[in-house]
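In what comes next, chain A is part of two complexes: it sits with chain B in the first one and with chain C in the second one.
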Partner chain A sequence: MAGLISYAARRLALGVGQVLAVVTVVFLLVQALPGDAAVALAGDDPDPARIELIRAAMGLDQPPLRRFGDWLWGLLHLDFGVSLVSGRPVADFLATGLAPTALLAALTLVLLVPLSILVGVAAALREGSPLDRALTSVSVGLHSIPEFALAVVLIAVFGVGLGWVPPTAVGGLTPAVLVLPLLVLLARPICSISRLVRAGMIEALSSDYVRHARRLGIDVRRIRFAHALPNALAPAVQQVARTTDWLLGGVIVVEAVFVIPGLGTVLVDAVASRDLPVVQGLAVVFAVTTVAVNLLADLAAFRLAPRSR
Partner chain B sequence: MNTQHSRRGFLGLAGLSVVTLAACSTSPAAPAAATPKSGGRLRAAFAGGGAKEVLDPHLANLFNEAARAKAVYDKLADLGADVAAQPRLAEKWEPNADLTRWRITLRQAVFHDGKPVRAQDVLSSYARILDPGKAFRAKASLSLIDLANSRAVDDRTVEFALKRPYVEFPNALAAFGAYIVPEDTQDFTRPVGSGPFRFVSFEPGKSVLLKKNSDYWEGAPYLDELEFIIANEESARTNALLGGQVEYAHDLTPTTARSHASGGKVTIHRSPNSAVQGFAMKLDRAPFDNRDLREALFLLADRPQLVESTLAGSGQVANDLFGKGYQFYAGDIPQRERDLDKAKALIKKAGAEGLTIKLDTSTAAAGMVEAATIFADQAKGSGLTIEVVTGNKDTYWADTLKNGSLSSFRSGAMPIESHIAQRLLTTSTTNTTKWTRPEFDALYQKAVSTSDTQARAAVYGEMQRSLHADGGYLLWGFADWIVGTSPKVGGVATAPANTLDWARFDKVWLG
Partner chain C sequence: MKRLTGSGVLLIVVPLLVALFGPLLVPDDLTRGAPFMPEGPLGTDFVGRDVWHQVLLGGRTVVLVALLATVCAYVVGVPWGVLAATARPLDEVLMRPLDLLLAIPSLLVLILLATIAGPGIVALVGIVTLINFPDVARISRAAALEIAGRPAVEAMRMQGETWWRIAIGYIGRSMLRTLAADLGVRLTGALYLVASASFLGVGVPPDAADWAVMVDRNRVGLFLQPWAVVVPAVLIVALSIGLNLTFDRALRKETR
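Moving on, here comes the complex of A and B:
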């Protein structure tokens, strides 16, 4: 247990370093983009004198390093700064974007994990059977459909054509509205994770300790679910972590198609308008969630299969 | 912008004959929408700008901001069907003989807080826009006002002193963003205007809710409530409309319009002559400092094919001139057509055979990349090679103002005089074609100092002839502006973006 805690502490320290590195790289990348927030805001009225005035009003006439330094200093006090363009606090953008993104991510995960295990275990226990082959075909096929294509088809059929569920999230995220986005978000992860569960389960069932347990006459269900399954899940946990990270980043395509104002939408808008403080605020959020999710995944894998240490 | 915030700028409505044509091309309204009816909430889907969105009407930049601004606020004037200024909060305007002092009489109107709209509010609003340290969009248009010598004669009379004679001063009063706000307003988190709707709530990047202003000077709106909803993707706006989640979807593509025009589920409203499309050649540098080469490009363009392919037929052919159907448009200049042989001869004469010219374009406005690709194809076999270079959409307009020699161009409607003042004078701040001719500048000064409308039209005609013959704008088409509504929505005018009747919800009802 002490080993676990010191491991977690080292990972946390590393995580802080990683977040700072990500923020620095993002700052440099946005600096490298052509044009700045003033040029982007001036749009089709690019009067040079006007752009200079906008630039001065945004504080962009300050040296970039100084602006970055000021921003980092603010971050140490948990102050994310204000948007260059609208002057509203960056924290507001993060909060309003995070709510729908977190809701979708949480619901997706709640459905994803049990469904993937169910499908993977069902296939593994009947390895080579028609059921296994059918599940394999469906999951390979479904996995190769990009989110936007699946979303467009689902909206056309169930949203607009049959009118069973609302086609977009305009008007708020009610349960009926969530059906189609959740289907789209679940489709590919279920395929990939259930394949991993299936492979892990098959490997575990043919392992020495399972054979030994069988010879001892232990109940077959107990062998499968108490001994084989936890070991089978370890590889899948990493994939669940990657999926969680993907979901928490705001799945831009899904948000755009269904009109969900989540973090992905905030990011696209902020990059297009070169709103550096908002982009940096998002970088912090994404870096923190990535580090946290991966740490949790490692700890979970450690608990599930201590021998992997 | 995604194209959401890229299609900004002025747009306008064409002449009367065109309006009739538009009425024909629109699906017949369902019976429920035929007679005006009060009540209900209309939900209107627009593309938005997320972080950028603001409620300050002087900062309005995006279409959704402009539409919200006009629902809450009024300008002294606005652009009518022929893209000429017509009075709004100003009841009338009277210039002095040399056109340097203008007396504006205000209508009897009240702000949403019950206070009357006074001359002081007008002067204070314009002073805010003209602040030397600020960059409001209407500043350039209003910069002719000599504010120090302008005054409030009484509560309902303003007298503006101008720095020069300017007969088109009403165009300035109608400028994008020249809204009248209560005197000394600094905080726009709960906007107070004199417009047909009152502010209720705002969720940036999501929605704005307004309710009817029963005391509006032009009569109360039919709608009880108006909600602006942000949906950046055109497909999402269309789906929300088809799914009954909104009643109005702004800025649809010609393809969407074509697929749903006859289905009966939505009504398609097209506004012709809305956005001009073309290419800008820079006259101050090679190769287009050579007049023959400019003419060669004019003759290479197959305009009907560009309109058919790029606009999917939702548009009309242009004649290298801005503002077809608008007041002062030189409709007597013959339509230019493709003439490959003559173009080849001119290219040879210019010594440009075998030359490769880069055509800068981007997705900053719909259809620009497609048009550039088609035009490059049309230039094949002429001796010139046009190489399409797709640049960054977010900085496109600033980039092409400075760099390159040939670029895609698009503009919304504005009075022809504004187009000239902003883009074609030596002093113009967005002179992309680098058209700097002292004799042309002098003609402009003559036009805006001429009270007589016919005499002025003659001067504008002369200027347009010189642009048509020598200029740097190759304008090939005018795109329709397309809006979709639920069939139960009535009273939607087919007016392009940012003219008075575009996105005007006080005259709209739910049947």
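Moving on, here comes the complex of A and C:
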């Protein structure tokens, strides 16, 4: 337990460092975006005096270091600034977009872990069988299909051609609407994680402790699921962390394809209209989420197999 | 399993042929009709252009940008990793910033950078390179570290060989196998990023002849004219699956 706490402390320090660095990089990148926010806000017929007024109101006349400090201070209070396009607080955008995105991400993760374990263990227990080879080929093939391409093919077949599910979420987020987006979001991560589970399981089943447990006459199911499986899961759990990277990218694309009003759609719209504070706020939220999930996954993997550190 | 290799290659060859030689088959005088009409082999698209011609034209950018970005990732990433592994004082300086880059979701980096850089193939290649090279550098560093610990390198150092000869002549050559194994992942990753970015309208003009842009723009007419969306999407899917299957097979044959 002491090992876990000291590891968690070190890992947490690294996470905080990453968040700070990411926040800095996002601030610098947005500074480099072309166009002046005050000019954009002043409208079609900009009056120089009005631009100056807006500039002062937004703090754009301050030196960059001062603005960075103010921005960081605001972030600590969940104050992300104000949208340039609508004048609404950025926190509002985040609050309205959060629910659909969180729903999609949570459902994907909840389904992802048991499904990948199921597929991986099924393949590992029948290593070399037709089932194993079929699962392997499918997961190798599906592994890096862009989500949008898979999504439109699924929409064309099941939404438009067969009419089984609504093609987009325009009519509201009902369970039937969520089927295709979840399928698309799950396709890539299931492939990579189930392959890791399979490899880990095969290795664990051929290890000395499993052989010893067999000789002791312990129930086969108990050996497989209580002894071999936890050891097989550690690398897979760490892959779940890498998956959040994909999942965030996937969510942006999937929301665009299925017209789901989540954070991804907010981001794409904000980029299109050069709404810098909104882009900044979303980038910070996405980056912090990624760092946090990575951290949790590392801790979980440490807990599952302390030897690996 | 042999059959599978064949289908993997076939899945690559068809989209690649269309991408590379398609533009040669398109006549110069392109006529425009009404949008989403069933004229021509695959109908017309959202501004009335012939979908078949757009399909022939639209693969070149996707394939070219993915290929170029992969090559660039190796050109930058391999020396980076070898330098970090062989010149120890530089290790932390070179590798720490990459950890940071890997902490940000890649599509987010791409969207932010592409917005700053504006549309253009050069910018897109640069951004995809930037996202891909940290992984290449990491793999190269790990491989180079292992090789640099071998007695042969020790012997070369004692013989007074120059850093260049050791790093390039021996370590670089010994790394080729590891890098070849990594190539498939890199290439499909680049293809994924380029296509997804184009689909989101990042880094390409809105009416570009590009498979991913076609999928995005023609989506509104999915009910009227599904081919304008399905054909380019299926070509991208086929290319991704084909690349994965072929590289995976080649890799397993190698390690057997």
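The definition used in the following text is that the second predicted complex is superposed on the first by the 264 of 309 C-alpha atoms of A that agree within 3 Å, B and C clash if a C-alpha of one lies under 4 Å from a C-alpha of the other, contacts with A are read in each partner's own complex, and residues count from 1 in each chain.
One rule holds in what follows: contacts are C-beta pairs under 8 Å (C-beta built on N, C-alpha and C of every residue); 3 or more make two chains touch, one makes a residue touch a chain.
Here the structure is a predicted model, which means the values were calculated and not measured.
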| item | value |
| --- | --- |
| Chain B versus chain C as contact partner of A:170, first or second or both or neither | first |
| Contacts of A:103 with chain B and chain C, given as first, second, both or neither | neither |
| First, second, both or neither for A:143, with chain B first and chain C second | second |
| Which superposed partner A:152 touches (first chain B, second chain C, both, neither) | both |
| Which of chain B and chain C A:258 touches, first, second, both or neither | first |
| Touched partner set for A:85, first chain B, second chain C, both or neither | first |
| Which of chain B and chain C A:47 touches, first, second, both or neither | first |
| Touched partner set for A:296, first chain B, second chain C, both or neither | neither |
| First (chain B), second (chain C), both or neither touched by A:268 | both |
| Overlapping contact positions on chain A, where the chain C interface meets the chain B interface | 33-34, 152, 155, 160, 167, 256-257, 268, 272, 274 |
| Parts of chain A lying in touch with chain B, wherever the complex brings them together | 33-35, 39-51, 53-54, 56-57, 83, 85-86, 88, 92-93, 96, 152, 155, 159-160, 163, 166-168, 170-171, 256-259, 261, 265-266, 268-270, 272-275, 278 |
| Parts of chain C lying in touch with chain A, wherever the complex brings them together | 1, 4, 99-100, 103-108, 111-113, 115-116, 118, 188-189, 191-192, 195-196, 199-202, 212, 215-216, 219, 222-223, 226, 229-230, 233-234, 236-237, 240-241, 243-245, 248 |
| Of all residues in chain B, those that touch chain A in their complex | 1-2, 5-6, 8-9, 43, 45, 49-54, 61, 133-135, 137, 139-140, 203-206, 229-233, 235-236, 239-240, 242-243, 245-246, 364, 392-395, 397-399, 401, 411, 429-430 |
| Contact set on chain A toward chain C in their complex | 18, 21-22, 25-26, 29-30, 32-34, 133, 137, 140-150, 152-153, 155-156, 160-161, 167, 244-245, 248-249, 252-253, 256-257, 267-268, 271-272, 274, 279, 283, 286-287, 290-291, 294 |
